[in-house]
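Pasting the structures in now, so scroll down.
The following pair of complexes shares a single chain, chain A, combined with chain B in the former and chain C in the latter.
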Partner chain A sequence: MSSTTVSLNRKTMAEKTIKVFKSLFSKLTNAMLLPMIGITIFLFFWSISAASIHTSLGTFPGPGAVVKQFSSLYSEHVTEREKAVAFFERQEKRNLAKLEKNPDYVTKIRAYTGKETFFDQIITSLVTVTCGFLVAAIIAIPLGIWMGLNKRLNSALNPIVQIFKPVSPLAWLPLVTMVVSALYVSDDPMVSKSFLTSLVTVSLCSMWPMVINTSIGVSSIDSDLLNVSKVLRLRTFTHIQKIVLPASVPMIFTGMRLSFGVAWMVLIAAEMLAQNPGLGKFVWDEFQNGSSDSLARIMAAVIVIGFIGFLLDQIMLQLQRKVSWDKSSASI
Partner chain B sequence: MNSLVLEENTPSVFLNISKVDMVFPTDTGGYTALKEIDLQIDKGEFISLIGHSGCGKSTVLNIVAGLYQATKGGVLLKNKEVNEPGPERAVVFQNHSLLPWLTAYQNVELAVKEIFGKTMSKGEMKEWIEYNLKLVHMDHAMYKRPNEISGGMKQRVGIARALAMQPEVLLMDEPFGALDALTRAHMQDSLMEIQNELNNTVIMITHDVDEAVLLSDRIVMMTNGPAATIGEILAVPLDRPRDRLSLAKDIEYNRLRSEVLTFLHEKQRKVENITANTVQPPPMPRKRVNAI
Partner chain C sequence: MNWKKPITSTLKSVSLSMAIACSGTYIAHAESLGEPEKEELKFGFIKLTDMAPIAIAYENGYFEDEGLYVTIEAQANWKVLLNGVIDGTLDGAHMLAGQPIAATMGYGTKAHIITPFSMDLNGNAITVSNDIWKQMKPNIPKMADGRPVHPIKADSLKPVIDSLALAGKPFKMGMVFPVSTHNYELRYWLAAGGIHPGYYAPHKGDNSGQIDAQAFLSVTPPPQMPSTMEAGTIHGYCVGEPWNQQAVFKGIGVPVVTDYEIWKNNPEKVFGISAEFAEENPITTIRLTRALIRAARWLDENNNANRPAAVKILSQSNYVGADYDVIANSMTGTFEYEKGDIREVPDFNVFFRYNATFPYYSDAIWYLTQMRRWGQISDDKSDQWYKELAAKVYRPDIYEKAAKSLIAEKLFSASEFPDFSKETGFKAPQKHFIDNIVYDGNKPNAYLEKFKIGLKKGDKL
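Presenting the complex of A and B:
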């Protein structure tokens, strides 16, 4: 009797362990193995087809050529940094020497004006896209809330939003460039014109998903919650702060995620034409340069652009999960 | 409006719903939902509104709450006309309507802060919030959010929030309609217990005949819409505190119960409009109308 129960227990234990292993295995397959297979097949087809495309700048780069360019981009970055350090050391020595000769000498410190490396350009792009996105959010979210609260305003502005939403950044850019040049005149500019042009273009193109999602989020708040607010006689400000904002946070964040994606896409195009020293300019300069490495370097930039876009989206997703009370809205 | 006339006619009624008509604008003119609703309620009375779905019970409640404006007639609370929502007429909504991003405590706190923020100290407010949550037996789950508690518990918090406003009138729109039968019975017992202690003036909408008889001092039965009005008012002279088990065999209780059922299922039997259909359904064996 007892031996049978023991053996039964053993059997169920063994079954359980097998089950656990199976689920672990399928999880591992889904998370690691399948993506690896996908990437391998992609690399395979890429290298095969790349070898058969001949351009005026040589054969289209395969994965190997791109990896090589990654390392050369990195070593260029390192040498450039070393040059900068050497430059400042020389400057310091010179200043000290001059001070020894003449104690009244006022030292001058000159900035290093070497060319930006690929990694500097990544940083510039990230700064530009973040600034452009923040400007867009500061305008779009309050506007969206206002439109969501006021049906008439929504009807009045909706056509404008719908018309501007699909406009390409390339169409805006000449206008933005001219307007920035005309209005942003200063002897000691805080930021360069190209930065401002890219920023404004990014804002102009990326604000619409935020406006639309915020206004939909606000206008679709459960009428029961609005009735609660009415029964409590909340003042407009308290009403927005305590009911409207938290209720529409999931939708606002969905809009912000979409907008950030648009902003990153727009940025590359804007930088190309505005000559803002970021990834877009890198691609454009390599294209104009037309060396035998250019295509591989552009392909490296493409991969980096894609990877950063993916990371930014993941960051927004985590942020959304953190602030949103409705966890189901923050799925992939 | 004719509020002046109303005051002359009825000098000292606590809550006076006076000759209320409600017409909703539609594309084809207007839809008269309510016609001549006239009801006087004393302080501390528990009133149930019962009737078939779509007869305008909720509309009556919303007018008393101030969420709707009556087309004709009006509502007077302590001889003051009601024309906007306010915390002295707290509402318990059918689907709890708690703010999902706040805990039970914070949900009640929002109401308490808004109403007593100037008159109570922080400590007093905390005590008052906890007192009300304890009243509905929710003190063990004060710091849980609505999605972490059951439907019955959510409704308890909704009631606590309404009670914490110290309303003159408590309006309940099918408060237990979405709950299962056992939970509903629990909630009814809780509500009777609270009512025993606080003796609030309550208007409650219900579909449930037993609930109406068990809880109410008077049951207001409404006719079917359009132009729904009060069909009959039934006084429930059962002693309090009431016990559902002993009442089940009580002759008076069963008489009251069958009177409500008779009203709903014979006098105001809901006739489905089949003449509108061009295709007639096949003849069916006649069914007797069962009592629920």
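Presenting the complex of A and C:
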């Protein structure tokens, strides 16, 4: 009797392990193997079709050419860094010589004057998009909350939001450029005008999903919660703090995630058109150069842009999961 | 003409002051030069090989030798670049010779821009699409070996335009800016072949430059010329290098004539700064001019020996960025016309020889005559007016100070510069134009009367 139970137990144990293995295997296939197969097939078709596209700048770059450009972009970056070190050494010497001649001379270390490498431009783009997004969030979320709380304001502003939401950054850009040049006048500017132009354009284009989602999130709060607030006679500020914000966090974050995606897309276009430093400018410069490497370098930039966009989205997703009580809203 | 002080309206008699001028009273040497007022500078450029002096002054450390920390930045197009210099985002820039003149005159954006340094001679060419070339070619006289006789004149293009016109199709060409050298060279070449390039009428608000035109010219930024022609939007263009050689390499067009053949050793780009900048930072201005002069000499030194090294620098993506071979094709003394038809043009790009860097008044006046010829200046002006405006923009006085300090430091010998004690700022009458018309900078109005096509005295649209 006892032996049968043992054997039965064994059987179920074995079955369980197989089950575990199966599910592990299927998870592994889903997470690793299938994407790998997808990417391989994509690379295969890419290299085949690239070889048959002939442009006036040579054949369209295949994966090999792009990988080669990545390494050459990296080596350019290293050389530029070495040049920067030499630049600062020379500058120090020059400053010392000046001090010797004139002890009152106030030395100042000047920033490196060389070119921005591909990697510098990635960082510039990231900084710009983050700042633009934060500015948008600071405006959009309070506005959204207000609109969500106040039905009348919502109906008053809704048409404006709906009209501005679909406007392309390219349409805003000339206006933003002129306004920034006119208003931002300073002898020793903290940030450059071009940075400000991209930032404002990004903010203008990326705030709308946040406004809309926040206002919807706020206006659709469970009436039970609102009643609790009414019963407790909470003040407006406490009401927002204790009831509205926690209740609408999932929607607000969904909006933020959408907005960040928009911001990244807009930024590349804005940099390209306004010649602001960053990845967009990199692409445009390479297009203008028209050298035989240009297309491969642009393709390298395209991949990096896509990859960064994906990473940004993942970061926002993790953030959303962390702060949101409603885990189901934070799906991929 | 006295360039020792910026010309003001008080200057009455040009010819008289010319006699007193240029006595060379400067005791300029390094010690007296002093430290630059502004050390961090930002210069703009357009992706063309003739921006080379700026790149070389940076790469060879000439700017740093002057205590200047210069950032160099490519600009999207000439208008953006000019606005940058006007609003102060750029401290100086590689400019079309016509730009400071037009800006000071108030054609387009009005702003007082000056130039202490002329960047180069020649360096442009006119390219037509393969299709137009096929139709032009039968009209061109051939040499014994079957290659076309140079210079190719626009006479051979005229029948092509006529047949296009019969079919109701306009003939369109690209140039880089309304006041660009390219616009005037292209117009000069077309008009010399009997093709009317059209008038401007700014007083009527017509800045298209297409009144009475047989060839319709429009603006396209230099780096986009090849792709615009490839797209069929234009039939040809006039632009600086490497964008003509690019057309040959891409197999989309054929350069037919270089500007060297239209006007031998014509002045091209200048280095433009705002008058305000020069006034507030006189030492910086002289110092940057010194750096540019040194760079220009390096480019031409030992019979262009440094050109391959220069091409290597220019082919970097942050400068011109085109392939080494494309840039080298014109920078190293040859020029490829039709695919395989490579000819020697040793002076295609001149940066220092023939006093290329000296800002001659007569060069400025030539641009002014062309502005009048095509209606950008709507009314008649006196010879005096031409000279005064030229003196307001072109500043050989700053150049002279820079040159003299270089001589004093023994970096240059006096023979490498014009003889400052005799220099009037006017070149002797120049004969080498494609239509054999002689240009004398002292008589702009008389010069205008010599053209068959173009506005003359009393003409107003």
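We take it that the second predicted complex is superposed on the first by the 313 of 332 C-alpha atoms of A that agree within 3 Å, B and C clash if a C-alpha of one lies under 4 Å from a C-alpha of the other, contacts with A are read in each partner's own complex, and residues count from 1 in each chain.
Operating definition for what follows: a residue touches a chain if its C-beta (ideal position, glycine included) is under 8 Å from a C-beta of that chain, and two chains touch if they have at least 3 such contacts.
Source: prediction; values computed, not measured.
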Judging by the criteria at the top, classify the pair chain B and chain C on chain A as clash or fit. fit
Name the contact category of A:M256: first (chain B only), second (chain C only), both, or neither. neither
So, does A:V161 touch the first partner chain B, the second partner chain C, both, or neither? neither
Could you tell me if A:D222 is touching chain B, chain C, both of them or neither one (first, second, both, neither)? first
Going by the contact rule set out at the top, does A:M299 touch chain B (first), chain C (second), both, or neither? neither
With the two structures laid over each other on chain A, which partner does A:M147 touch: chain B (first), chain C (second), both, or neither? neither
Tell me which partner A:V231 touches in the superposition: chain B (first), chain C (second), both or neither. first
Could you let me know whether more residues of chain A are touched by chain B or by chain C? C
After superposition on the shared chain, which partner residues are touched by A:I243: those of chain B (first), chain C (second), both, or neither? first
For chain B relative to chain C post-fit, closest CA-CA distance rounded to the angstrom comes to 52
Residue by residue on chain A, keep only those touching chain B in one complex and chain C in the other, then list them. none
Residues of chain B defined as touching chain A within the complex: 65-67, 84-87, 89-91, 93, 95, 97, 99-101, 110-111, 114-115, 145, 165
Looking at the complex, which residues from chain A come into contact with chain B? 222, 224-225, 227-228, 230-234, 238, 242-243, 246-247, 249, 325-326
Chain C-facing residues of chain A, complex: 56-57, 90-91, 94, 98, 108, 110-111, 113, 115, 181, 193, 275, 285-286, 288-292, 294, 297
Given the complex, residues on chain C that touch chain A span 35, 39-40, 47, 58, 61, 64, 67, 69-72, 74-76, 80, 87, 89, 223-224, 226-227, 230, 246, 250-252, 315-318, 320-323, 326
